[in-house]
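A, B and C label the chains in the order they appear, each numbered from 1.
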């Protein structure tokens, strides 16, 4: 009886579900492979083998490091700038109201089309990748932070004022902690978008990075490499997203 | 003129000319909810029996959590009882809302995307009722509920009381012979409730339907009903059914009579202990 | 015109003026950016000459088809998932992490499968749009008040009728929001596909002009894209406001 109850518990269920999803994913892949043939994609087995082989090469890690470098710099810049701007706009009612529709408008514009412009400004290379990554992610961060700050109960802010706190102190000690869950959601979405942005940028104009080797494989139609790299990218992106989501969930449960 | 009182029995069956007048008959009803997390099952209702006479106005009062709303959903066919049987017009209620039954819920059930007129016509359209007849019925319902001036308004433009009237009108056009009301005026202020009470009485007389009203307001039950069923705390069963003996053409002005006062007092005296018990029940749940 | 609108117009005008000035005086080289006024002129020229008409149609049509498919499939899948809570729970992680995966990596696969025509970009657009449609619709379905569903049963509606006449209208605002997001995502998908590898469409033209160092053409097309997106968004927001007003929500 005890064993059965443990197996039925929600935690066990969700792990089981995840495993099931993984199996379903691989099964679908295999089916697709059977239908489309090895001219289109590699089988799950072949792709995994190749992927493991790639992970052993220093060439791969050199490229991965380049991507990660651009990604991390972009994340730091957009986090700091996004939070600062978001908190400012959240606290300043009027200015926030002025800029909000423009920001939401910018959010729905396909920022990909700014890629040529950014490359012209920053040249091909790290700077463009960082800039493009920041562009992709910063708007989410600003919007969510703004909303989070505005949703702080006014009574908290009044308390801060009665304690004679400066604006900076209010921002750091009251606004930030209270609004943290929603801010984190914005960060999560922004960071995930930035990763995609950096990779996209590398695909079009770079000489190293995960996006570059993917584009290489695509242009030379090396199906095995495309499949393996896609697999690695998906695993990494989904893994990162999963970790962020777990943290997001924990933060929200606190509230 | 004194309200007749039934002595407490474990099986209360008020049978008056059963063969002709029993519109609704519940026998041996219980409702048990299985816990989803593997805890103990919750006995929500029963065992109880009840017979509603055709054309009577019957109210159910009881403490919170006693299962009054569950009872109504059972009669409506929206839920199935764990044990027991429900007969409407001699036919067993199972797996669906029977014909000729109308329900007015506590929450606002008007469709916000339709005008008042379209809301009222909704059921008729779905049933494929002849358009001329449908229009007539809808017009009549508008009149009865006093909504003629608002036929093209959207529910969001109306007050809470008027939205309930829309729901009542929508129920009336289907010409139900049994009308179930689940605390329909719970969200309204006292004065609106009294006015709505009078209107319900008018509708009851105009349609000749059997009415079952669930309410937590003792004065409402005392004022409107032919009989009042007092439910115990969970698991709810009837501890007493009181005959009010009002004449058919009553309205809210009977509130000033002595009989009303003693009636309400009697209801509360029976209900008080049950309510205290119910409060304790909800506290231990936490 | 209230204070807010005036402030916004002021900000936009200020940015345009600053950009115009910076470009004309050479602070920003014409190698990077051309003056806004030039962009407008270039755009109008191209529109007049009709050289973009085919491309506009190609992109817009691709977006339209992928959105239409995503909306239909998205709503259906959401309805199915909503009625099977266990399945929904199992699939939830996919829905939530979907947009962190670079979907466009499947583009070459689709080119191999379907050939170098318009089908791959429509499929990519669809894939990007459908999940947000599912998520938004699920959200809307969750919010349908239970009393409305009960009313459906009291009025003897069949399951299909209840979904069509009660559940979907009630969830309409969330579904609408989903459509808005679906359009935005489909646009990104189609444009990205056209950028990477394509035979036509506005994204292709931008990439082409970029490689040709034809800034006038490139920025002209970018401006046109911006205007198309802005117009579509304004229209959708106006429609949404109309629905909200009728329901007394704002």
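The rule is short, and it goes like this: a contact is a pair of C-beta atoms (placed from the backbone, for glycine too) under 8 Å apart; a residue touches a chain by one contact, two chains touch by 3 or more.
Quick caveat, the model's predicted, so the values are computed rather than measured.
Of the two chain pairs examined here, B-C and A-C, the one linked by more C-beta pairs in contact is A-C. Relative to the centroid of all protein Cα atoms, the closest per-chain Cα centroid is that of C. Averaging C-alpha coordinates per chain and comparing to chain A, the farthest chain turns out to be B.
Between chain A and chain B, the centres computed from C-alpha atoms are 54 Å apart. As a whole-number value, the distance joining the C-alpha centres of chain B and chain C reads 49 Å. Averaging Cα coordinates per chain places chain A and chain C 20 Å apart. Listed in rising order, the residues of chain A touching chain C in the complex are 13-14, 17-18, 20-21, 36, 39-41, 94, 97-99, 101-102, 105, 107-117, 119-121, 189, 192-193, 195-196, 199-200, 203-204, 214, 218, 221, 223, 226, 229-230, 233-234, 237-238, 240-242, 245.
Of all residues in chain B, those touching chain C in their complex are 76, 78, 96-97, 99, 101-103, 105-109, 111-113, 122-123, 126-127, 154-157, 171, 174. Across the complex, chain A is touched by residues 3-4, 7-8, 11-12, 31-33, 89-91, 93-94, 96-97, 99-102, 104-106, 108-109, 112-113, 180-181, 184, 187-188, 191-192, 195-197, 203, 206-207, 209-210, 215, 218-219, 222, 225-226, 229-230, 233 of chain C. Note for the complex: chain C touches chain B at residues 145, 147-148, 150-151, 153-157, 161, 165-166, 169-170, 172, 246-249.
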